[in-house]
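Here come two complexes built around chain A, the first alongside chain B, the second alongside chain C.
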Partner chain A sequence: MHHGNQLKKFLLFALIPLSIFTVVLLYPFIQGMYLTFTNWNGFTHDKYVGLANYTKSLRDPAFWVTLRFTFKYVVVSVITINAVAFGLALLVTSKLKSSNIFRTFLFIPNLIGGVILGVIWQFIFNTALVSLSHKLGWSLFSSSWLGDTNTAFWALIIVTTWQASGYMMIIYVTGLISIEQDVIEAARVDGASAARTLWSIKMPLMAQAFTISIFLTLRGGFMAYDVNLALTGGGPYRTTELIAMHIFQDAFAFGNFGTGQSKAVLLFFLVAAAALVQVTISKRAEVQQ
Partner chain B sequence: MRERLNIAKKSIFLGGLVVSIAYVLPFVLVFINAFKPKMEILMNPLALPKALDIDNFKQALQKMDFYRSLTNSVIITVTSVSGLIIFSSMLAYYLARNKNRFTKTTFLILVASMIIPFQALMIPFISIFAQFVAINNRAALIFFYQGFGIALSVFLYHGFISKIPMELDEAASIDGAGDMTIFWKIIFPMLRPVTATVAIVNALWIWNDFLLPRLVLTRETQTLPLSTYLFYGQYTSEYGQAMAGLLLAVIPIIAFYLVLQKQFISGISQGAVK
Partner chain C sequence: MKKFTKFGALALAAALSVSVVAATTPASAATCATKTKVTMLGTIKVEIQDQFLAAVKDYNASQSCYTVTSIPGDAKLTFLQNVTPLYAAKNAPTIMYALQEIPDMADKVMDWKGTKLASLVSPSLLAAATVGTKLVGVPSTAEAFGLLYNKKVLDKAGVDPTKINTRSSLEVALRKVKAAGAGGVRFSSIWWSLGAHFTNIYFANAGATHEDRLKVLDGLSDGTKALSKDPVFQNYLATFALLNKYNQAKPNTTDTEYDLSVADLASGKAAFWFMGNWAEPNLLTASPSTDFGIMPLPISQDPNFAGNKSISVGVPGYFMIDNTQSTAAERAGAMDFLEWLYTTPAGQQHVAGPIADGGMNFIPVYKGFTVSPKTYMAKEISKYVVAGKTLEWINTYYPAGGQDLYGASGQKLMAGKITGDQYATELQNAWKGSVKTWRGVKK
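Let's turn to the complex of A and B:
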């Protein structure tokens, strides 16, 4: 009787969602791992090739260019997004009448998808800023930032930071307002300066917000595709391709399904390792506080 | 002291004002240039339009098939989000109320699956589901979103349901209510704050998603981000029309946000603390 009841509950509540999850996510994921060990060409495969796809991927110089570029992008964007977002969180939690309006505005870039934001900024970098600097005699923007690998990198960072900081700001705001006022009051009575209170009281008490936000930005950085596609399209000469775009190009533009898929599996391990290391370090920092 | 506080307050206000303007300036730029002919944009992209020319909009509306794309986006987002709310709340309820080795493992797999990048599935995905997509690509896409969105949604619901006392279910059960009645009549209405979070987080993702629709949808079923991107690519040199197209693409979601901004912000922040 009890067992029958259990089974009925499983069928009613869990069977459909779990089946969909398995079919859509687990099965392609495992199938994708398996295919990297075969001579798969996108449609069929008839023999095992061992690690050949992986060695071929790792010997591809373009893959290393992409990896270096992606690492640089992840490190810089995690720092800029979180620094800006934390600053914005302090701004909108300061007791100003207008802070709610500021918050509303600062969140807006987050509502729009990366592709549309990317093309808006493409217009800004390629057309608006160039025409303005010719008019005003600036040299900084006289040629488009998207035409050069180095400036295109910073263009990517600017757009990513502008897009993601509003969301992370909300996470930091949630952390900041969860701190009990008594603690802050006590620090103030003891004569702690505002900066000191922020550094030694507020930041440790909201360590969890940092853990979450850094995790989300780290993951977002490794998986970024939309802004990359719409802003630089990987150009000039495939020098600004982040790993997600590199995989897409390898598989769908050049038809290298074997290496494309192995690079995707490597990306998975990279994200998993980075997330594990980051969460472990952050959790340790949280406990120590 | 009071004087100093005032100055501090004023400089914070000024800082906030400058940053807020910087955050919306790109949209303002799109807005003012959407009403200008091409030459006027090139002359000075920052200037206000000399005359309100709506020809750009007429062109963009037609060329990017705006109404059809908007309808597709609405259908896909609303159906997917409703499905996710139903499926993930039910699964989360089951997992939270029946604690055993199976449910604990399932929950762990769901949580762990959140770090799988879409790129790791994308390539086999296309060949596995080619036939399904060929039959009805919109239905296929909605189905895929259930699979991709369920982990995070279950995670959000699970935390909340675990805090609702079991006695509630037991009391209703003694009164003779069946499992479905207990869930839909008693538990689900209590989940409203999380349901709001789940709805907002998923709606933003699905509304703006690009890569999966690009791989699955066709011209007839394309969503707003797809048609905007294609339109922009084709008419890049027609700056005015391109700007009008971008403006049309961002207006629906920004309008929606301004109406429901309290729910948006609290939805996001409740999702964040989990």
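Let's turn to the complex of A and C:
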């Protein structure tokens, strides 16, 4: 009787979300996995091909080139986004009068969709900065940053950081203000400097915020697509394609649905593994009060 | 057409407005009790979308049996990206418009063989849409690419474009226009221009017959073709180098290049531009009183070489009608609309009328056209077509996505990141093992 009640309660609350989860996430995911073992051409499939799609994917040199580029992008963007976000969080939690306004403004880039953002920044890099530098004689921006692989990489990093750090900042702000004041008070009474307080008191007590933020940025880096598409479009010479774009191109531009889908499955396991490792490490740094 | 492989076609607002149908029906048209809705994925291309949708609106008002509606896709996505979800949702559009995806669609669409429209087109223009024995699509128009020129600049420099028939005479002309103050040739570092159009100059000249040219594609797929050993390819590389040497601007791989090039050719900063007639409306908008012409890009030193006297002419896209998820009435409506568009005076006015008057400025490819294009470049193209001085669009047969790789290699060669030999190797590797879709082989 008691058991039945529990089940009823569970179903009452979970049935709708669970069925939505199954229909829009679980089913397509399993279907997607299944298709990688067939000769699916985007429309139909009529035979099993075993692991052929996976071996073909792993033999594709462009897959590895893109993957290397994506790793570089993930590592650099995780560092820049979190450094900037944490810095901003410290700034807006300091005793500034206007800190609320700053919080709002710094969050705004996150509300701009990736494609629009890409178009805005494309204009900045391709046109605005170039004509400014011709007028003022700067050499740094004399030709568009999007026209060269190395500078285009940094353009991607700049835009990603600009977009994501506002959101991460909110997470860090939440972490910072959740620290009990008496602990900080106690540190100050003990004569700890501001830097010492930050390093030994604040950061360990808000380590959870780091776990979440690093996880979100790590995942975001591997999955990044819209900024990539709208800002560089993979150019120049297809050298700034991130893995998500490579997969999309493979399937939909080249019509290789089999390898495209199996690369997507590989990416899933890669991201899952990376996130698992990161969360495990970060969890160790968290302290309980 | 700016990006003929991209799904260049779509806009939400404009497409929605099309479903508004005029209430009055001309007395002459056949009457139907209810209107059958016929869907088309996107339009023909984004540059003339409004003009196309105006034609759709006129058609819907002209009869009482069908309502053609353009369903918008995402213009940033390719044709396959847009069409596969619709098929998966059992909601396939009745009319589709594509080029390189024809082999992918062949088993899902109607056979045009024996239809009225198919009988009005010259067989050579149907070759690219024939898969096995099936006629998969019918053409929208013909487009041409080659060296565009600003007639004012050439006149001022004393250059007669009809006298340029070898690589050296092109170089002489380039020196003359530079001496007269213009900046030479605009060689755009745009991936689709370098990947699909410029490479076509090689592939179209690589064999004497259609079959010979397809054999070159076979060789690349099999990994047996050594491009560097082909004298035509060496000539092609020399032409690439010549254009690069006299390039009026620094290579620019960003999205601004097309518009900047239009501005520079229109203002006379550049005398020539390697591009196609889809740019003519843009050029005329920028400089309405100038004549812009088109001429062959000579790739060898032999003045009698046919390739030096011909421009690349081909079909930028074919109309296909779904045969797996549509009803017979929908298919009939799709056919009726396209016949109206290309065979009635009202439809032809939309197809071949000038852009300024709301037309699409298309070069007619169906027999019996009473409307003909009026612009300078369109007339020049007609002359080349009539004289048979045309190069085939082998790029139509490139494997899907192949031109993306070719475009990237071309950009690298232009920027001096790779040598001509490395370029040849990259082209060879790009297609090694490709499924021979040009032979009708299914993926």
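Keep in mind that, in the parts below, the second predicted complex is superposed on the first by the 269 of 289 C-alpha atoms of A that agree within 3 Å, B and C clash if a C-alpha of one lies under 4 Å from a C-alpha of the other, contacts with A are read in each partner's own complex, and residues count from 1 in each chain.
Quick note on the criterion: contacts are C-beta pairs under 8 Å (C-beta built on N, C-alpha and C of every residue); 3 or more make two chains touch, one makes a residue touch a chain.
Everything numeric in this text was worked out from a predicted model, so none of it was measured.
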For this session: Could you classify chain B and chain C on chain A, in the superposed arrangement, as clash or fit?
Result: clash
Problem set entry | Contacts of A:42 with chain B and chain C, given as first, second, both or neither | both
For this session: Identify the partner contact of A:17: answer first if only chain B is touched, second if only chain C is, both if each is, neither if none is.
Result: first
For this session: Examine A:247 and indicate which partner it touches, taking first as chain B and second as chain C; both and neither are also allowed.
Result: first
Exercise. Between chain B (first) and chain C (second), which does A:28 come into contact with in this model arrangement: first, second, both, or neither?
Worked result: first
Exercise. Is A:255 contacted by the first partner chain B, the second partner chain C, both or neither?
Worked result: second
Exercise. Of chain B and chain C, which one touches more residues of chain A?
Worked result: B
For this session: For A:120, select first, second, both or neither according to whether it touches chain B, chain C, the two together, or no partner.
Result: first
For this session: Figure out whether A:147 sits in contact with chain B (first) or chain C (second), or with both, or with neither.
Result: second
For this session: Give the stretch of chain B that clashes with chain C in the superposition, choosing among 130-138, 148-156, 184-192 or 238-246.
Result: 130-138
Seminar exercise, completed: Contacts of chain A common to chain B and chain C in the A-superposed view 42-43, 115, 127, 229, 248
Seminar exercise, completed: As the complex stands, chain A meets chain C at residues 41-43, 115, 122, 125-127, 143-144, 146-147, 229, 233, 235-239, 248-249, 252-256
For this session: Using the touch rule from the top, collect the residues of chain A that touch chain B in their complex.
Result: 6, 8-10, 12-14, 16-18, 20-21, 23-29, 31-32, 35, 42-43, 88, 91-92, 94, 96, 98-99, 101-117, 119-121, 123-124, 127-128, 131-132, 135, 162, 166-167, 170-171, 173-174, 178, 208-209, 212, 219, 222-223, 225-226, 229-230, 243-244, 247-248, 251, 257, 260-261, 264-265, 267-268, 271-272, 275
For this session: Mind listing the chain C positions that touch chain A in their complex?
Result: 76-78, 80-81, 84, 87-88, 101, 104, 108, 191, 250-256, 399-402, 404-405, 408-409, 411-412, 415, 417, 442-443
Seminar exercise, completed: The residues of chain B that touch chain A in their complex are 9, 12-13, 15-17, 19-20, 23-24, 26-27, 29-30, 41-46, 87-88, 90-91, 93-95, 98, 106, 109-110, 113, 115-125, 127-128, 143-144, 146-148, 150-151, 154, 179-180, 183, 204, 207-211, 225, 228-229, 232, 239, 242-243, 246, 249-250, 253-254, 257-258, 261, 264-265, 268-269, 272-273
